[in-house]
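The same subunit A turns up in both complexes below, where it pairs with subunit B and then with subunit C.
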Partner chain A sequence: MKQKKKMKRSASDRILLISFYIIIGLFAVICLYPLLLAVGTSFSDEASVTVNGYSVIPKKFSLEAYGMILGSLGKNILNAYMVTIAVTVIGTAVSVLVSASFAYVLTVKDFKMRSVLNMFLYIPMIFSAGLLPWYIMCTKYYHLTDNFLALILPGCMNAFNVFLLRNFFKSIPDELAEAAKIDGANYLRIFRVIYFPLAKVGLVTVGLFYALSYWNDYYLALMFINKQNMYPLQYYLYNMLANVQFIANQANASLGYNINIPLETTKMATICVTIGPIILLYPFVQKYITKGVIVGAVKG
Partner chain B sequence: MKKKVISMLLAAALTMTALAGCGNEAGGNAGSEAAKAEETAQTAAESADGDAVSAEDVGETVTDASLRPETLDTIKVVLFGEESPRMQELMENEFQQVFIDEINTKVELMYLPWTENGAGGKVDLMIASGQEFDACIVDPTWAASSYSKGYLQDLSGVIDKYLPDWHENMDATAFEAYHFGDGVYAIPIGNKPTAGVFNTVCVRQDIMDEIGMTDISTLEELTEYVTKAKELHGLYATYELSGNAPYIIRGTSDRNITELATGLWIDQDTHELINFAESPEFEAGVNLYNDWYAAGLIPKDILTNTVTLPFQANMSSIMRGTCGTTLIENEPGLKTVVPEAKTAEYYISPEKPIYKATYENTAFQVPVTSTKADRVALFVNLLQKNTELANLFAYGVEGTDYELVDGKVSKISTDELFYEWMIYNVKISSPTVAYTDEFMEVYKDWDEGAQPSVTFGFSIDYSPIKTEKAQIDSVWDELATPMMAGLKDYDSNIEELKSQLKAAGWDTYVAEIQRQFDEFMANK
Partner chain C sequence: MSVSRSKKVGSNSFNSKNPFIRHMRKYRQLWLLALPGIIITLMFAYIPMTGLVIIFKDYNFRDGIFGSPWVGLKNFEFFFANFDKAWRATKNTIILNFCYTVFGTAAAVMLAVMFNEIRHKKYLKLTQSLSIMPYFISWVVAGGILRALLNYDGGTINQLLTSMGFERVDFYNDPKYWRVILTLCNIWKAAGYNGIIYFSTIAGFDTALYESAQVDGANLWQRIRYITIPLLRPTIIIMFLLSIGKIMSGDLTMMMSITNLSSMLLETTDIIDTYVYRSVIGVGDFVMGSAVGLYQSIFGFVLVLFSNWLVGKFDKDYQLF
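Showing the complex of A and B:
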């Protein structure tokens, strides 16, 4: 009798397992397919895309779109990459430091102004004065136009990430801090030696969120950067696509232009150039993200 | 002790930041004053040379040495797109020298993406926040919106004085599109034939030759052409909707009607506003497209297709014409797919009058915050002054960036400089080698016989009827568009369309537009 029960369970388990694999496999294919389409189309030539639409395997292989993006504009793209990498690295470091410091202060029970700081953090999440006051403040009062800091400071502290870090810090037992205090450590030392190392998972998670937002950002460049040599990658490509789109849509416009501008393939090549590094980086930081997302959820 | 030190440090830091802010401005001012003193000394020496040079350059045109300001100043001009490497080079050298020699003004360019071209973009934000710049390109719709927000400067004062060459090479009627209230708020630039834009039908001349047709002047002939094109080459007729194809509507009746707003057309002769959905022209257009759809001439995905340029991709046999420029616009792309293709434009009902609805779509506006409107006017004047300068700014330096072959421009460098389509003035600009002589003959006189549209210069302010417009646009998209694509027939759907338009606030919508139009006509 017992043996029969065992077999039944494992059979239904197996069926369940197989169906899970199938469902998740299908889901993975659905997620992967657009990406493969983008890659395939980026290696096609414009004429066959116009006639046949997007395809995973290009009907006619061509490096036209990449040639257009990287060719005479190769130097500009490289410059844009440098700017983006610098902004991402420095921005992430600054953001993590600022967010972690703020979050730590919110967890120190002796600090009387904690609730006030909480309000400063919480209220802007809900209410905003709008675009114009923010723009006036950044350009007229902080002089952030055409300034490298313009790409970092406005996005430096994200309230949501600060709350996330605060929860991480709260999960660290108070006894550690008390013990350190008794030994004569000041708050800065406690933060540096105890909290910062122990919340590594949270810090990496938040760091990755910040890194992604800095990498993908084009809005700050659109608002504040006018010099071409300071354009970050996303803004540079956004600019280029907007211009290509404009030229293609002009009814009466390009008198004398007899260049066939690759539009669809250019868009796809742009996508590939932009997401390439992130996709390559992701497998290495994946475990931190999954850990980070669930740690905050489980208490203790 | 520690607390004292820390509080002193904090106070010092606060004072430093405050002083640094003031300090920069004061330091900056002193610096720029010194620079200005140097520059005026330089320009005093230069202007003596400059006048001599500009008199030579200009040749027989009136020398505007008297208009050339005595002090050197800088204007900041906002353009869209990307500054090409060659443009950067020329702006630092040859172009800048011309600007200083001719108008004693340095020009700084600021480029924004094309997505910011229009109301609610970064330019509006810059003006609203008081950021300094002196000019930006604008089109009539955007100018109307900016004027209503008080962003633009009245240029009536500078127009008469600072545009001597402009008035020779441009038509003053072009100002009408930027005439709001009592003033003029932008200076148009460029002069291209715009009569009957989208009123011609662009067809495949090679297919016409193949089937032995020499002309298309009626809708029946057009139907014959598209049917044969389908039989012989499997091409669909078009991907354009009939309501959006004025060249089709032209052939549906004897009335001279043009589109004014969504669902609202205007009779050019009686100045009456017409409910397009209730008009016989709409019925005829819808029926024509339904017949074409039944004959397999309209693609099933006409409403959802993602093909950017079907005519150029050899997928359709007709498309809207653009004042005869199909040679430049469509043929290059088409020839990569069908090397022996040729195109031509025809007017359906050629005996009907042709209207010029726009004179120029591009102009330079000056924001209210700028104090250099006179210099901006001089700058625009310079761009339209004579052939030599117009070619310089659009094509570059002769010999380096282009060569003249039989008086036509053959480009060596493909970098974009000042936009050709903005500067091109059919009176002074040299055409490129892509324009054949016979094309130029037709193109130069394209506007002859064209009448200005009665709505020229009229821009509708939708703010009092925002909701109605949104609802009507949505009804039109949902119900009328499939009819105009041939997917739904006229008889079973027209009543619903009419009643839905009424329910969406059609009467309020039309009343307001009628009121604005009457006001516009009264002020003419």
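Showing the complex of A and C:
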């Protein structure tokens, strides 16, 4: 009798558990499927996409879209790629330096002004001027229109990232800094020799956050960049998607044009090219970001 | 001994009558380190705040914010006369944020609870990796792929509908679907990532509770229902309260990427951010743009204070300030 009851209980547990496995698996597939759809379509023949619709497994294989990307669009896409790489590399380096040195100052115990600086960083998180005054300041007074700096500076001091770094720095024992101070090291040196190397996980995590936001950003380009040769990849893609729609909406005027260009597959191929580096670096990126967030999110 | 003496000598030489100079001498390196961050924050956060005076001005680009003539409260009159459009944007912002929070949190918590029960290490790792992948993908890309899913011609959903004998749905010309679609997009993008954060919270719970419950004969469902969920409740409530503070904010790039600000869909997708963007950068209507922007800032601020106060009522430890 008792035995039977136990059996029954574990059976219901098992059903619940199996359904968990299935639901989790389904969610994972839902997360992956759209990306596979983009990859599949990018390797399809445009005509077969028009007739049969988008599909994960190409109905008729074709490299036409990648031919477009390497061929007639090649120069523009390569250029956009270079802009994005430059913005990401320079932007991440600048951001990490600016944020880390600010975050370090917030952790120096005997520096009384740090609470003021804390507040100074905090207030914009709860009150912001909004798009319009920010936009006018940047264009009219800082002259950021079509300026390479416009793609970097507004994003290089993210308060969330600074606080995350501060938490990482806080986990470094004070005694180290105290000892160095007694040995005559100044603040700059303590920062450079102790904090910077010891908070490596934090720096890499925050660096990846910045890199990802620079890589994926098109907000700044949308606001400030008019010159086509300064378009970053995401903004280039955005224009491509938006303009194609525009053309498709006016089917009459552009029918002849549509036939010549494999529109849908080229869009998908550009998407694949855009997310390529993220997917390649994904295992590395994922490890640091999930670990880093969990460590850094611990309230300090 | 000698160290402490030399230190004393050093600090003596730092003595100055003026406390400011004394402070600067001692901490100049720290100020130097903080300086770039201070300048950037001033430039892109504080100085734009002064630009809010634009609401009292008849703005023209040549004279800038500070040179344009003052018009007093005239802009407010115009704003209230045209309040219906701003109201639609406000309503959409609040409804969408509410949906994102409620359904997004529910999805994330469910994922976390399920992750926590999976004992098969490789399966857990694989599904977690896939679930947070969308978090790393830009909205532009997501919007482009969404089109492949929802397109009237050849979109995956419509293929599915026709194969099952249903009528096709013209998603991109019908605003009534978009609250659901946008919420689903948000879940797709963020639930996995948030789920992992909740999962790490659950992993920190005392395993003894689960073990003794198991000894007492609690089944899996009961362990989830009476241990995991109650322990998670404070975290969930706090996240919820904090999200009240963000209910007036919106994501312009998400909306642009997904709907392309299509005029067919504005009925349900026009949020404050897109409204300001459209009125200022599209039409050049600075009056409405600045008024709506100001009211977004002020209400956002009030709501943050309010939500922080609520959090404080609930648990002082989680208060932001």
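In this section, the second predicted complex is superposed on the first by the 237 of 300 C-alpha atoms of A that agree within 3 Å, B and C clash if a C-alpha of one lies under 4 Å from a C-alpha of the other, contacts with A are read in each partner's own complex, and residues count from 1 in each chain.
Definition applied: a contact is a pair of C-beta atoms (placed from the backbone, for glycine too) under 8 Å apart; a residue touches a chain by one contact, two chains touch by 3 or more.
Values in this document were obtained by computation on a predicted structure and should not be read as measured data.
Engineer: May I ask you to decide whether A:I18 touches subunit B, subunit C, both, or neither, giving the answer as first, second, both or neither?
Structural biologist: neither
Engineer: State whether A:Y238 touches subunit B only (first), subunit C only (second), both chains, or neither.
Structural biologist: both
Engineer: Looking at A:V193 after the superposition, I want to know if it touches subunit B, subunit C, both of them or none. Which is it: first, second, both, neither?
Structural biologist: neither
Engineer: Let me test your reading of the model: by the given contact rule, A:A47 touches which partner, first (subunit B), second (subunit C), both or neither?
Structural biologist: first
Engineer: Once the two complexes are aligned on chain A, which partner has more residues of subunit A within touching range, subunit B or subunit C?
Structural biologist: Comparing touch counts on subunit A for subunit B and subunit C gives C.
Engineer: Is A:Q228 contacted by the first partner subunit B, the second partner subunit C, both or neither?
Structural biologist: Touch partner of A:Q228: subunit B, not subunit C.
Engineer: Considering only the touch criterion stated at the top, classify A:F102 as touching first (subunit B), second (subunit C), both, or neither.
Structural biologist: second
Engineer: For A:L132, decide between first (touching subunit B), second (touching subunit C), both and neither.
Structural biologist: Once the two structures are laid over each other on A, A:L132 reaches both partners.
Engineer: A:C31 contacts which: subunit B (first), subunit C (second), both, neither?
Structural biologist: second
Engineer: So in the superposed three-chain picture, is A:M82 touching just subunit B, just subunit C, both, or none of them (first/second/both/neither)?
Structural biologist: In the superposition, A:M82 touches no partner, neither subunit B nor subunit C.
Engineer: Which residues of subunit A are in contact with subunit B in one complex and with subunit C in the other?
Structural biologist: Subunit A residues touching both partners: 50-51, 53, 131-132, 135-136, 140, 222, 238, 242, 245, 264.
Engineer: Inside the complex, what are the residues of subunit B that reach subunit A?
Structural biologist: Per the touch definition, subunit B meets subunit A at residues 80-83, 85, 88, 110-111, 113-117, 122, 125, 128-131, 192, 194, 197-198, 306-309, 312-315, 320, 322-323, 325, 328-329, 332-333, 336-337, 361, 409, 411, 414, 420-421, 424, 431-432, 434.
Engineer: Which residues of subunit C touch subunit A in their complex?
Structural biologist: Subunit C reaches subunit A through residues 3, 23, 27, 29-34, 36-38, 40-41, 43-52, 54, 61, 64-65, 111, 114-115, 117-118, 120, 123, 126-134, 136-149, 151, 153-156, 158-159, 188, 191-192, 196-197, 200, 217, 219-221, 245, 252-253, 256-257, 260, 273, 276-277, 280-281, 286, 289-290, 293-294, 296-297, 300-301, 304-305, 317, 320-321.
Engineer: Tell me, which parts of subunit A touch subunit C in their complex?
Structural biologist: Per the touch definition, subunit A meets subunit C at residues 9, 12-13, 16-17, 20-21, 23-25, 27-32, 34-35, 37-38, 41, 49-55, 97-99, 101-102, 104-105, 108, 111, 113, 117, 120-124, 126-138, 140-142, 153-154, 156-157, 162, 182, 186-188, 191, 212, 215-219, 222, 234-235, 237-238, 241-242, 245, 264, 267-268, 271, 274-275, 278, 282-283, 285-286, 290, 293-294, 297, 299.
Engineer: Contact residues on subunit A for subunit B in the complex?
Structural biologist: Contact set of subunit A toward subunit B: 47, 50-51, 53, 72, 131-132, 135-136, 139-140, 145, 222-223, 226, 228, 238-240, 242-243, 245-246, 248, 250-260, 263-264.
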